[in-house]
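Following are the structures in question.
Each of the next two complexes has chain A plus one other chain: chain B in the first, chain C in the second.
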Partner chain A sequence: MEFFLHILISGIATGAIYSLIAVGYSITFTTMRVLNFALGMWVMIGGMLTLTLNVMLGFNLLITLPVLVAVMAILGVVGERVSIYPFFRAGSDVWIMSTLAVGFLFINSAQLIWGHNPLPVPSFFGDGIIMFGPFAIFPQQILVIATAFVIFSLLYLFYYRTLLGKAFRAIAYSSEVTSLMGINTRMICILSYVMTSVLAGVAGFIIVPITFAEPQMGTVLGLKAFAVAIVAGLSAPRGILFCGLAYGALEALASGYFYTGVRDILGFSLMILVLILRPEGLFGKPTGERA
Partner chain B sequence: MNTRGLRRTIWLLGILLLAMLPMAMSGTYYQFMFILIFIYSVVVIGLNILAGYAGQFSLGHAALMAMGAYTSALTSKALGTVPLLAQTGLNVWIAMIFGTVVAGATGAVLAYPALRVKGPYLAMVTIAFGWVVWKILLEWVSVTGGELGITAIPKARLGSFVLTTSYFYYLALAAVVVAMVLQRNLVKSEFGRRLKALKHSEIAAASVGVDVYKEKVKVFVISAAFAGFGGALFAHQQNFVSPDNFQFFSSVFFLLAVLFGGAGTLLGPVIGAATLTLLPELLQDFDRFRLIIYGCFILFTLYILPNGVAGLARRGATPLPDLAVTSGGDGSVAQVLEAPEVSRPLCQDSKPAPFIEVQSISKRFGGLTALNKVSFTVFPGEVHAVIGPNGAGKTTLINIVSGFYKPDSGIIRIDGKEVKISSMHSAASFGIARTFQTIKLFGDMTVLENVMVGFERHSSTRLWDSLLRTRRSRAAEQRRAEDALALIEFVGLGDFVNSPASSLSYGHRRLLEVARALAVRPHLLLLDEPAAGLVAKEIEALKDLIDTLRELGIAVLLVEHHMDLVTAISDRVTVIDYGEVIAQGEPAAIQRDKRVIEAYLGTVDRDVIG
Partner chain C sequence: MLSVEALRVAYGSLEVIKDVSFEVGEGEIVTILGSNGAGKTTTLRSIAGLHRALSGRVAFEGEDIAAWSPARIARRGLRMVPEGRQLFPDHTVLENLELGAYSRYRAGEARSVKTDMDDLLDLFPRIRERLHEKAGLLSGGEQQMVAISRALISRPKLLIMDEPSLGLAPILIRSIFEAFVKLRGNGLTLLLVEQMAHLALQICDRAYVLESGVVKVSGSPKELLANSQVLEAYLGKVVEA
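And now, the complex of A and B:
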């Protein structure tokens, strides 16, 4: 039982990270029907910056986080300008390649700056264990799960309680009409990309003490998060939180009780299954199109 | 010498040159490089058919190549234990075919779910697929040899004659030539035309009967088979395969080769494959910056060469028409359309049965009821207009009859039989064709090609006929082109047969859409605001056109705001307001109907029409 709870908690913590990255796919898909194909690399940059700021330069977390968010936001603006804007709505999907190209630049730069080897980042609240009755939790795991809940709550408030958030959802329905209503759609596209980038950076920030910092740390995270986004439905942020957590738990249990190799194929198989049975995702609504 | 003959001569000279090249090369290094270029070309050609012509991006082709390579390697080793096969060398050839088939089958398993959703899903799913395959190759050590891969893969041979590097060169060269020919046949066939059409507008392609989903799965399978064949060649050339050969990066490399060479061009894939095979050789000293260089190369390609190297040559020039037709054959429009009046003459004395009966159709979007229990009928040879204020539900009605939406309740009968119109292409198979309020043409295709796509559902050409460009398929193409020309002349666009659809004026585009819809040989034609944006003269022409269709016995459902047109040509009018039928009858009666006047002008206390 203790073993079960232990891997369950660590699975949910990993799942929280999947959710944070997955909702990033959802945000730009909602506004522009565009995905950052290298989102995992952006997570990695977040992790690496944490390494530099927190470990190498010795800033505390209250300085590290704002600096990191600022850097990710700037990278987001530049990334959107370079890899999305020129190709967006050109009728072709070549932005798939340009976002990947930016990811390649990130990985190679990270290799040059930080080297190839995994570097440890200490947990933010030490390596002590908190005991909840019979089972033990690492403080970092609590932090990860709590962060996910906070961010998803903020996102919910943003989408449903602010005018800008409503504009995000409106643009998903009809960019043209939204623009006619006097909303700066271009601004919203940039903003959605920046939000995605910052979320990826924050995901990298909170997971790096668990995973170690290395240039490839985000690649697989990005893929699994995509599987989560598909299973939940790209248009369903709350579903993404639930599916991310559930998937993290499932994955941890599968590799805890069966064979580790199962873990990596699980997400892919679930994704294929969902695409067959319910292409819009478990929580998604079919997109309304007009002829 | 004409251009076609010239082009053929250049091709032959090129192949001949490549065939003689090994004699001029000392050492096997260059031969080896060329073989690699040829093998990658085969894979990239396959990807070009998918990404370049059909617009579907795959980033899993390295994994499909791995399927071909590993299957062929394992099968050839297993078959090598059968003495007869081992002596003749057949084990390798059978294995290569089997590898190709397995890769194609894997493609089907992957494409079936991934292509159910539009947009960038396919690319992401194929990335994940590539990663899973790579993982399996690493972990399933007992079969794949894990990290070390499979060694001592039998060489290709004919009897006791072993194809060493210098002979394998010819095999690989032959493979490229065959792949090029198949690519050309495919993209010039009606199948290729369907791909180009759905790349441009899936909705428009579906409206003329193209089963978009099926076509996309088909092209993915073909593309996967090319990749698998490339993989099989690779395995028996290298005699050694390992997971490292088929990493995600290779998949990016293949797609980059398509884009750099020129997506949707015949020669592009070879240019792309050659450049990207040689590039790493040149960059050996810069290995530290490899991904930065590739990243910049990708961005460079997308910014500076959006049409690729092969696209540069053709910039500015109009695309050459693939078919040159001068006359619409001797078939009259009635014959081309196989018009109801011609194909099944109606008894004069008995009242004809309606072609379509729509009974109590309702459609809701969330809380909004777009249509509420709408019923109407359209008879063969009848022009039935549907009018109503903006937002009344007219286009929703057309979308339901044309299979774009499914109704929430209600019944549709065609020729007296109850039917379910489950998709746009199934509507076409019931003989229902439509035009769109916002014109949806295949812009970069010619007027002729646009209409030819319309004949889709009458095609009996098999994919094999297209691939091999048999006489049967060519004859069918010729006849289709003649029929299309007859329709183009019928709508009055005879002067623009070989112009790209995007170059036409607005009014002409509307007419082209009608011609394309007519190619479905409809029994019911749905026209969604055909007069919108037309000048008076064009509206006159449209009126004559609809009159002719009526005489041919075609049922026409016309959604229109232009009341003069409606009154002049409609036999009956249905008026909808807020999703409900408020009046139905002859145009003159409708104009006097009190509820109709209220709907258009708001509630009035006294009779405005005195």
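And now, the complex of A and C:
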């Protein structure tokens, strides 16, 4: 039982990471029907910035985080301009390749700047283990899970309680009708891309003590998060949180009780199965043609 | 207030609007009539900036808006209610109205938006009770009232309506047309595209008849009805059934 709970908790922590990244896919899909396929690499940049600012330059976390957010936002504006806008405007699907190209650019630059070796970043609250009765949990894992819940709650409030968030949802229905409201839809598309970039950066920030900082730290995470987003449904943020956590837990249990190799087979088989049975995702609403 | 000169619009290589010119004066209700496929909706879409014209001039209060984005045109005070209402179905009625007032909220006019909203809900009391329901669940008539309110909440100078009667029960159509007359009395200018010619001719000051992308006849309702053969040639039977 202790073994089970231990694996479950660390699985849920991993799942929280998947959800955090996966919701990034959903935000730009909502506004533009476009995905940043390289989101995992953006997560890596967040991790590397944390390494640089926190470990190498010695800034504390309260300075590191805002600087990281600012850098990610700027990268987001530039990334949207070069890898989405030219193709989105022309109605072409080339963004599938161009977003990936940006990702590989990130990986190669990271290898040049930071080298190939995994570098440790200390946990934010030390490496002590917190005991909850019989089972142990790392503070960083609690932080990751808590962050996921906070960010998903904020996102919900944003979508349903702020005028800007309501405009995001309106564009999901029809960009044309939204523009008839006098709303600058182009601005909202840029903003949505910047939001995903910043979210990815923040995800990199909180997970880097767990994963170590290295140029490939986000690649597989990004792919698994993509599977989560597809399984849950790209238009269903709450479903993404649930599926991310469940997926992390399932994966951890499978590799804990069977063997590690099962882990990745499981996730991607699930994704293909869902795509066949319910292409809109478990929590997604079937979408017709967009007006 | 609005002046369209020698408008030409194409979808791909298909020229839908070949030569359309008309005027809408301040405080007028002007109607564009025509059968299906005459180019009425396309004309409105290019005025609102949703479809770029090949050539021609669209002047709104003296400014050439032909190259403007739809959002800029809307903020300038020219609002279109699209065909089929096009409410945001998963947003509540209130949220739809808030989105209509988006630029006013951004300009810090939240308080006056509130009073305007009250006035609108007095004009259409039926939607007051349904403010917190999803707009997609409303009846066609209620949706049309929300769609009109969503445009009016921005305090437009010119309201453009594409087929406001489409799919509505006759009694609702009548009350919506009565609302138009009331709104004109409050200083609003209206441009109306309508298939129900007899209704439109009852309330409008002037009408233009469009066929195959060309304005064929124009004049006051009296002039047009006096020459009813011409009208019927383009529209079929116009006289109220």
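Quick note on the criterion: the second predicted complex is superposed on the first by the 287 of 291 C-alpha atoms of A that agree within 3 Å, B and C clash if a C-alpha of one lies under 4 Å from a C-alpha of the other, contacts with A are read in each partner's own complex, and residues count from 1 in each chain.
One rule holds in what follows: a contact is a pair of C-beta atoms (placed from the backbone, for glycine too) under 8 Å apart; a residue touches a chain by one contact, two chains touch by 3 or more.
Given the structure is predicted, the values throughout are model-derived calculations rather than measurements.
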On chain A, do chain B and chain C fit together or clash when superposed?
clash
Have a look at where A:P118 lands relative to chain B and chain C in the superposition and call it first, second, both or neither.
neither
Which superposed partner A:F268 touches (first chain B, second chain C, both, neither):
first
Is A:K166 touching the first partner chain B, the second partner chain C, both, or neither of them?
second
What is the contact status of A:G128 with respect to chain B (first) and chain C (second): first, second, both, or neither?
neither
Now for A:T178: first (chain B), second (chain C), both, or neither, which partner does it touch?
second
Return the chain, chain B or chain C, that is in touch with more residues of chain A.
B
Based on the superposition described at the top, state which of 73-81, 91-99, 145-153 or 163-171 belonging to chain C clashes with chain B.
163-171
Doubly contacted residues of chain A, that is, touched by chain B and again by chain C:
291
Residue positions on chain B within touch of chain A in the complex are 55, 57, 59, 110, 112-114, 116-117, 119-121, 123-125, 127-129, 131-132, 135-136, 139, 203, 252, 255-256, 259, 288-292, 294-296, 298-299, 302-303, 306, 365, 395, 398-399, 402, 404, 436-437
In the complex, the residues of chain C that touch chain A are 48-50, 69-72, 74-75, 79-80, 82, 86, 88-91, 95, 98-100, 102-103, 105, 150, 154
Per the contact definition, I'd like the list of chain A residues that touch chain B in the complex.
33-35, 37, 82-83, 86-87, 92-94, 96-98, 100-105, 107-109, 111-112, 220, 223, 226-227, 230, 261, 264-265, 267-268, 271-273, 275-276, 279-280, 288-291
With touch defined as at the start, can you tell me which chain A residues reach chain C in the complex?
163, 166-167, 169-170, 173-174, 176-185, 291
